[in-house]
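First subunit A sits with subunit B, and in the next complex the same chain sits with subunit C.
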Partner chain A sequence: MTIHSLYILSKSGGLIYQLDNNIPTIENEKTFSYPLEVKLEVQNRNIMVVYGQRDGIKVGHTLVSVNGMKVTGQQLDDGRDAMQVLANETNYPINLKFARPKLTTNEKIFQASMFYPLYALACQLSPETRSSGIETIESDNFRMNCFQTLTGVKFMLISDPKQAGIDTLLHRVYEIYSDFALKNPFYSLEMPIRCELFDEHIKGTLEQAERLGISSI
Partner chain B sequence: MTIHNLYLFDRDGQLLYYTDWNRKKQSGMTRDEEAKLMYGMIFSIKSFVAKVSPVDLKEGYLTYTTNKYRLNLYETPSRLKFILNTDIHAQGIKELLQQIYTQVYVEYVVYNPLCNLKKPIESELFAAKLDEVVKQSAAYASRPA
Partner chain C sequence: MSRQSMRSNDPKKVSGELFTLTYGSLVAQLLKDYENVDDVNRQLERMGYNIGMRLIEDFLARANPGRCYDLRDTADKIQQAFKLYLGVSPSIGSWSPGGDEFSVVLETNPLAEFVELPDHCLGLRYSNILAGVIRGACEMVQLEVMAWFIADQLKGDNVTEIRVKFVKRLEDAIPAGED
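The block that comes next holds the complex of A and B.
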């Protein structure tokens, strides 16, 4: 029973609500000797593994700490440049910690607005007549379910591929949305949802669904 | 249960082969434009999935479903992309796509010295074998109209 995150998109494709419920932290720490066995490169202002997967460190993971000292972007907390530290043989053996990068708020907004045209394209490229847009996307280790209401609002849940009954949960989320966002006089349509009651109910429902199963909601 | 159509793209996004079996709706554009749109969509879905996924992805297999059809994407390590549209209940499509790759593409395109790997496939033998493999699969079998 794992529900990773929830996205709500407005009719025009903007992200109006996002909640990370249960995102696993993937971190790996290892002591390296000179020369480094993984190839690192600066990408998107982060130091990223581009080649040489080993001991759980995967391509795409970013460097988060050097000898226990946090790395922000390319800089160590004491102001040194991490790439220069890594290039210097005298600093070895060195302890590096890599983690799978988490999406920043900006990236989430970006990804959400990217889903909107994908949904429309799936409709257009359909080999069958009168097809809807994407309802689920599945890969080997996660599944995304999307429920679009008649008014065009999209609810997206990211969960474990084995998780059953997501449809029920999505309908429940819709219900909470209509009860606590739409009926809130201070909420204006198409704007990000910042309603305390809505937040509380969504979190409660997701938690309950994870703990007791979706049939209990 | 039915299989609608198949697209095969190379690593540069060029459409190498297209064929359909039970396609009810045409997209209303030329094949070329449609292929570009399809490749663009697949490219975006892949990057979307890689970003949104809570864990590291393992394989190059991905599907999405609408209420009418299912798109199955199988990507080989050489970044050849096989895209097969089926109905939503079709089973064993991943195996079928692997079979198409290893037993049809490799056998009749890669092993054929007259086939240019960077050009659209014109081999009739490939077309015939592909048709045979797809029609033999359990997922094929036209739905009663």
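The block that comes next holds the complex of A and C.
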């Protein structure tokens, strides 16, 4: 029973709320000797493993620390360039930590607004008239459920493919939205939801759904 | 106290009197601020409109009604909403021949339970907020309507009557997958 994250899109397609509920963190640390057995490259301003998968370090993971020192982008915390440090034989043996990259806020906004035209496209591609848009997307590792209200707000839940009863949960989320976002006099429509009470209730509901099953909410 | 007995165990339900009195003080305050009944009427309608835009989501989430494809459906839903939010069941009637206009008739108006209009504000449409709520709520489900009062018990009529007229469907605003 896992619910990974929740997205709420306004009727004009903007991301107004996002919550990561249960995203597993995958981190691997290993001491390397010269020459480095994994092939690293700079991609999207991060240092990424492009080849040479081993010991849980997978292609697509990014370098997060060198000898315990955090790497931001390509730079070490003391100002040195991480790629140069790695190229220098005298720095070895070296301890490197890799992790699966997390989506940044910008990427989330971008991804959410990508879904909007896809949803509309699905209606148009449909061989049947009056078809709804995409309601579920399923993959090996997750399932995305989307629920659109009559007013056009979209609620998207990313969960484990085996998770049942998502419809009930989405409906509950809608109720919480109508209670704690819309009834807050200081919340303006179509704007990102920054309401603590809303946050609290959403988190509580997701937690309860995971712990006790969705029928209990 | 007929409405008292209708209160269920729902902790969120409050006495209708509290609501009636709160609304009364809002209207009184607006009268003081604007000194002109026409402005007050307009303000009440605008406030109602803003409330309706938000309240519709609550209605959709709670009552889970389907989309309306006919004004008769819409009238039924409005009736249902009055029951849910004000605890009264209005009757729907006086359909226009074209089926694009109807009346919501309230035997008792919970907003005006303790109210008598003084002489200097006979032009005041005391419950005008309701007309705004109907307009705002319909607009969010892509339905443009006009709503106005044609009879008011406060002005000596037998019933309170709100007229609702369909203007058009807001085709541009209909979300994909809903039309």
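Basically, the second predicted complex is superposed on the first by the 214 of 217 C-alpha atoms of A that agree within 3 Å, B and C clash if a C-alpha of one lies under 4 Å from a C-alpha of the other, contacts with A are read in each partner's own complex, and residues count from 1 in each chain.
The criterion applied here is as follows: contacts are C-beta pairs under 8 Å (C-beta built on N, C-alpha and C of every residue); 3 or more make two chains touch, one makes a residue touch a chain.
From a predicted model like this one, the values you see are computed outputs, not experimental measurements.
K.L.:
Please determine, from the superposition on subunit A, whether subunit B and subunit C clash or fit.
P.N.:
fit
K.L.:
Which partner does A:I158 reach: the first (subunit B), the second (subunit C), both, or neither?
P.N.:
first
K.L.:
Thinking of the overlay built on chain A, is A:Y177 touched by subunit B (first), by subunit C (second), by both, or by neither?
P.N.:
The second partner, subunit C, only.
K.L.:
After lining up the shared chain so the two structures overlap, which partner does A:T149 touch, if you call subunit B first and subunit C second: first, second, both or neither?
P.N.:
second
K.L.:
Look at A:L189 in the shared chain and tell me whether it touches subunit B only, subunit C only, both, or neither; answer first, second, both or neither.
P.N.:
Touch partner of A:L189: subunit C, not subunit B.
K.L.:
Comparing subunit C with subunit B, which touches more residues belonging to subunit A?
P.N.:
B
K.L.:
Now for A:E207: first (subunit B), second (subunit C), both, or neither, which partner does it touch?
P.N.:
After superposition on chain A, A:E207 lies in contact with neither partner.
K.L.:
Per the contact definition in the header, classify A:K11: touching subunit B only (first), subunit C only (second), both, or neither.
P.N.:
second
K.L.:
Look at A:R130 in the shared chain and tell me whether it touches subunit B only, subunit C only, both, or neither; answer first, second, both or neither.
P.N.:
After superposition on chain A, A:R130 lies in contact with both partners, subunit B and subunit C.
K.L.:
Using only C-alpha atoms, work out how near subunit B sits to subunit C after the chain A superposition, in angstrom.
P.N.:
Nearest C-alpha atoms of the two chains are 10 Å apart.
K.L.:
Enumerate the residues of subunit A that count as touching subunit B in its complex and touching subunit C in the other.
P.N.:
The overlap between the subunit B and subunit C interfaces on subunit A comprises residues 122-123, 130-133.
K.L.:
In the complex formed with subunit B, which residues of subunit A make contact?
P.N.:
Residues of subunit A touching subunit B: 4-5, 23-24, 26, 58, 60, 100, 103, 107, 111, 114-115, 117-118, 121-142, 144, 158.
K.L.:
Contact residues on subunit C for subunit A in the complex?
P.N.:
Touching subunit A: residues 53-58, 60-62, 64, 67, 140-141, 173-179 of subunit C.
K.L.:
Considering the complex alone, what residue numbers of subunit B touch subunit A?
P.N.:
Its residues touching subunit A are 4-5, 20, 22-25, 27, 34, 37-38, 40-41, 44-45, 47-59, 61-69, 71, 85.
K.L.:
Which residues of subunit A touch subunit C in their complex?
P.N.:
Residues in contact with subunit C: 11, 119-120, 122-123, 130-133, 148-153, 171, 174-175, 177-179, 182-183, 189.
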